[in-house]
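Take a look at the structures below.
Next, two complexes with chain A in common: one pairs it with chain B, the other with chain C.
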Partner chain A sequence: MKLIERRVSPADSPLAVTTAMVGAAVVAMLITSLLFTLYKANPLQAYFALFHEPFASWRGFGYTLVRTAPLTLIALGTIVSWRSGFGYLGFEGCFVIGAAATSWLALNTAFSSWAFLPLALLLSFAAGAAWAGMVALIRARFGGNEVLISLMMNYVAILIVQYLVSGPMRAPGGVPETALLPRATWLPFILPGTRAHAGILLALLATLLVWVLLRKSRVGYELIVSGLSPSAARFGGINVGARLVFAAFCAGGLGAWAGLVEVLGEQHRLMDGISGGVGFTGIIVALLAKLNPLAVIPAAVLYGGMTVGANAMQRRAGIPSSITFILQSLIVLMVLASDIFRRYRVKLT
Partner chain B sequence: MNLHRLLTSAFFVTWLAASLRLAGPVLLAALGETFAERSGVLNVGIEGTILLGALASFLTDYVTGSVWLSLFAAMFTGIVFNLLLAWMYVTVRASQVVVGLVFNVLAIGVAATVYRRALGESSGPQSVAMFAPLHVPGLSDLPLLGPVLFGQTSLLYLTLVLVGLAHFVLFHTSFGLALRAAGENPSAADAAGISVGRMRYIGVLIGGATAGMAGAYLVLAQIGLFRESIVSGQGFIALGIVIFGRWSPWKAALAALVFGACDALQLSLQLGGGNVPPQLLASLPYVVTILAISGLFGGRAVQPAALMVPYAKE
Partner chain C sequence: MPAFEMRKIVKRFPGVVANRDVDITIEAGEIHALLGENGAGKSTLMQILYGFHSMDSGSILIDGKPVEIASPRDAIALGIGMVHQEFMLVPRFSVVENTVLGLQGKLDLREAARRLRTLSEQHHLAVDPDAQVQHLPIGVQQRVEILKLLYRDARLLILDEPTAVLTTHEKDQLFTVLRGLRSEGHSIVIVTHKLQEIVDLADRVTVMRDGQVVATVSTRETTEQELARLMVGREVNLRAVKVPVERGKAILRVEGLHVRDEVGQEKVRGVTLDVHAGEIVGIAGVDGNGQSQLAEAIMHLRPADKGRIFLHDREVTRLTVAQHRAFGLAYVPADRRHVGAVTEMSIADNAILGSQGKHTKGPFLNTRKIREHAEKLITRFGVRATSIATKAGKLSGGNLQKLILGREILEDAAAMVVEQPTRGLDVGAIESIWAELLAQRERGKAILLISAELEELMNLADRIAVMFEGRIVGILNAASVTTEKLGLMISGLSEES
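This part shows the complex of A and B:
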């Protein structure tokens, strides 16, 4: 008698999927616990520290929203491009390009604060769209591999920004960074007593827009069909190349907005290393949300909160904040791996 | 006039020697990746494996001071972590790009956490023992050829030997044929009695071994210390080299040499102190790789037919 037998198709009831995801998260947290013990920390206390600061303290929750906004925007960009069959991974690049374009506008023009924000949104979106659009053009026109090219362009973008902050845009002083942006260009703070700023509102608005685009619009339908089966889409009269470029524009623009939110809301200046890996964490958030735009918000709040909690943990317990990279990536890896268990059932009789 | 000629020839010799030296890590990584891709797996996680290999070799070297032991530690680390990757790619049949990308983030976390635990927060960068350039009596003293071909480290010569070995195994053994069959037409390979899953596991593990060694190369033959940004895209460049080298070991060697030449050129131009900003020079190797795989030159690359397609036995 076999205790475990293979299913014809993986179990896909909501219960099975939820159980698999929760189980995956628990396994990831158990593995990470081993690393806590490496630092001679009690795992329970460490996890308490990791989640208490970002979700149970007012100030910490403000920081959670600060981290959530760029993650959400990048995750949305990932969803638009991947759903359209464009495997774009260049969000670190879009982020810094958007941040640079925004900072340039803020430092070199003197618009009133009401005129500035729309212009900054327009300019950074265009810069990010052009940056990602180049990759789409290479893919659509010459068949180059967008996965690799977009990864490589991240390094080019980061070097360009390094050049800008150590050359043409550098403020006098020892550190390669721009001057502080004029206060009129900053995003307003929205929760009293915290650093939370209006960037989170932009992220919510973008979520709604992406949801409408993919679920309710004709273009979105064509994007998704192009992603599922390019040949069927072509047969149905969809210009797949043009849709690819459109998806890249949206992805690059959203990634650049993440950079805008970071400089106008939190840093208030451009410096080297401003992205800090958020371009990849955002992709991981999109994966955790299973590429569903509405699920991005809770996923981004969770991962944004973890980043905040990790900093608190580093300050208090001396556990390096890099441990969140491990936890954040392990959760998604385990969710992916949990698929294999849904292919089997346990026979008890 | 004579002095001018001497200077340019000295520049030329230094440049060629540096080209070979800098081509080493990406070539090593590309050799193993060729096996993985020929078996049907695109391993985007190569960047993370190189990083963990670099860390393993650094820590081993820091403790034991033995460069060869450190090389083996890196190789072993690469194999262990790629076992995890192979399980995700082949057994779980998850999306290869997704798994590789997430693994890279995991590797950054592991490397940063372990490095800080091992060396502590306060200590500055620690340098370790490195492979010394070999000196072959007579040959190394030849003009031009001597320093370029006979003054390199044994790690580079090992890499060059591996190019020949990889070519032989891939194209002149029944194992190589079976591996390529798994990547070209897995169901036909399966029908012929080849275990597609096993071939892909082996392909990814070979990739892990050489990616780990590539990380060791960076530490043991290039910079002699560890930092979290040590790889900085060289794994992705290795993926580009596999494409530009059309999935052939010796063509990959030529492609890696082109990369090494670009990198060496930009480094010496930086040292030369010209007018071009160093950050823009540093982007040259990436830009060249992008152009090389863009399909703008040399037509479209024909990849193994089942690359990135998970195989489920019926």
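This part shows the complex of A and C:
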């Protein structure tokens, strides 16, 4: 008697999906527990340290929101481009280009704070859109490989910013960074007693916009058709090349907004290495959310929160914070793998 | 005692029972046809016999003795061979290299070639063992597949839809070869849904429907009409009724069109034709003679090198696909799953492909209008689906084609290009697709029908243009042409007299 039976179609009720996701996270945590024991730490205490700080303390929660905002924006960019069949990986580049454009505007102009923010949003979006749009043009016009080109262009962007902060935009002093941005340009802090800033509101707004774009608009319909089947899209009278470039504009713009949020909300200056790899972690968040814009927020909160908790864990339990990265990666792997289990059922008779 | 016997075969796939207590016997020296609509379970049954699928229960007997067939290797060892619809040949290898591919033991190509030559002469296959497969016509490639099986001493040859890609002439040659093999005591199973061939060729026919055998009959005691009824489960009309329609003015005109394919080869070489209102113009031809490129160029999915295309006397040669659609041209492509529809999207989403601009409210999609449109589409054209939220990929070929054809018809375009509308569909679906096309003709639409099925063209078209190697070699009046004449012309053996 077979104990495990293949289902006719995967179980896809919300309960089954949630169970699979939670189960996947638990398995990932169990595996990571083995790593904790290597450091002779009690896994329960370690996990308490990891999750208490970011989700149960007011100050830590503020930090969680600070980390969530750029992750969300990058993940949204990933969703728009990937759903359109544009395998863009250049978000590190967009992030630093957006951060640089914002810093330049803040340091070199003197707008009142209510006029500055819209202008900065516009300028950084345009800069990121142009950066990603170049790759899309190469792909649409000459059939270039966007994966390779966008990855390589990350290095170009990072080196440009390195040059800027050690050359034309460098502030006097030992470290290659710009001067502190004028206080009027900073994003307002939104939770008293924390560093949480208005960037999270921008992230929420962008989530809504991307959801409406992909689910409700004609352009979004055409983007998704282009992504799923370019030949069917052409048959349906859709200009696939133009849609690709449009998707790249949105993706690049959203990636640049992540840079803006980081500069105006958290760092308040431009420096080398400002992205800290968020251009790639954002892609992972998009995968964790299964390219669904509405699932990005919880995924980003979880991911951002764990980054914050990692430091607390290192302080309290003496466990290297890098283990958190292993845990994060395991969670993504397990969640992606958990789909297989929804295809089977257990028979207890 | 039958040479091959399958008893009480049961095979379940997720969601369907593909074979339900199926019994079939195949005698030595018999051509046995396995007939059924798509999804009736005939391919599954043969794949079980060939070791591709395992069965859930049942037994297989050869010469009365039960055997285990766990893989194609087992099947070959037991003398069972299969020619798939898509040939499994390495194009750059020679015939003999293809033949020995996968065999165990010492590799002696010269000896193998000698044996192949003997086999080829013995069975009148006329295959040169040293020829490279990529240079051989489709009909000869098929003979190579048969030769491969004979080389492996197969006693039972299973041929899956063997005539789908053949010209009339090649088909006749194949039938001669198969009759020869039968007289030498080989057993042959042909899996097909073409009734006429069965009556011509087979000794007995087993008809399957919904995973079950509905009848096994001798072809001498049955008719096409009877077989169609058994296969579909109700009376079917094999002849379309064409009422006279007043021919209107020319809607779609093509002048001196030249088109290249992806690799730069000129596939359409100076095609000129016109399609009038209330008329179906058929394009006959064996696949690969430029028909697809012609259709794509008319819709501007592929640029034309030279020549002009007119729609209502307005030149549209260089206009975009969207503009073609706006000026009244609809298109039903041959590739239903990759071009005509997006299989991963819902029926509702597919229902507006091509007319997405008409289902909007400002920049947003008008969900209510889309829902109404999709509901209307599936009701009006009889698309069998649980709901409009079902993914289009889950529809059967016939239902998907009804969805695509219906969508293009609802566009109400003055002209329509329809490519291979019934390829791979079963009799029931063909009947309703033909009726829809004729209804459009009666409504005064201009239809260009590209088909490899001569029956279809003779039934539907008013005029038939024969395309061979990129040229129109003759335009015939459908009322006065014979299948034989058309068959010769599409093989390039006869020009219009």
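Criterion: the second predicted complex is superposed on the first by the 339 of 349 C-alpha atoms of A that agree within 3 Å, B and C clash if a C-alpha of one lies under 4 Å from a C-alpha of the other, contacts with A are read in each partner's own complex, and residues count from 1 in each chain.
In the analysis below, a residue touches a chain if its C-beta (ideal position, glycine included) is under 8 Å from a C-beta of that chain, and two chains touch if they have at least 3 such contacts.
No experiment lies behind these values; they were computed from the predicted model shown.
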item: Room on chain A for both chain B and chain C (clash or fit); value: fit
item: First, second, both or neither for A:G143, with chain B first and chain C second; value: first
item: Contacts of A:E222 with chain B and chain C, given as first, second, both or neither; value: second
item: Chain B versus chain C as contact partner of A:G87, first or second or both or neither; value: first
item: Chain A: partner with more touched residues, chain B or chain C; value: B
item: Angle, in degrees and to the nearest 10, that opens at chain A between the C-alpha centres of chain B and chain C; value: 70
item: Partner chain in contact with A:G237 - chain B first, chain C second, else both or neither; value: second
item: Contacts of A:G167 with chain B and chain C, given as first, second, both or neither; value: first
item: Smallest separation in angstrom, by C-alpha atoms, between chain B and chain C in the superposition; value: 6
item: Chain B/chain C common contact set on chain A; value: none
item: Parts of chain A lying in touch with chain B, wherever the complex brings them together; value: 35, 38-39, 87, 89, 138, 142-145, 147-149, 151-156, 159-160, 162-163, 166-167, 277, 280-281, 283-284, 287, 320, 322-330, 332-333, 336-337, 339-340
item: Footprint of chain A on chain C - complex, ascending; value: 14-15, 299, 301, 320-322, 324-325, 331, 333, 335, 338-345, 349, 352-354, 356-357, 360, 363-365, 367
item: Chain C partner contacts - residues on chain A that touch it in the complex; value: 6-9, 212, 216-219, 221-222, 224-225, 228-229, 231-232, 234-239
item: Chain B - residues contacting chain A, complex; value: 44, 87-88, 91-95, 97-99, 101-106, 108-110, 112-113, 116-117, 232-233, 236-237, 239-240, 243, 277, 279-280, 282-283, 286-287, 289-290, 293-296, 300
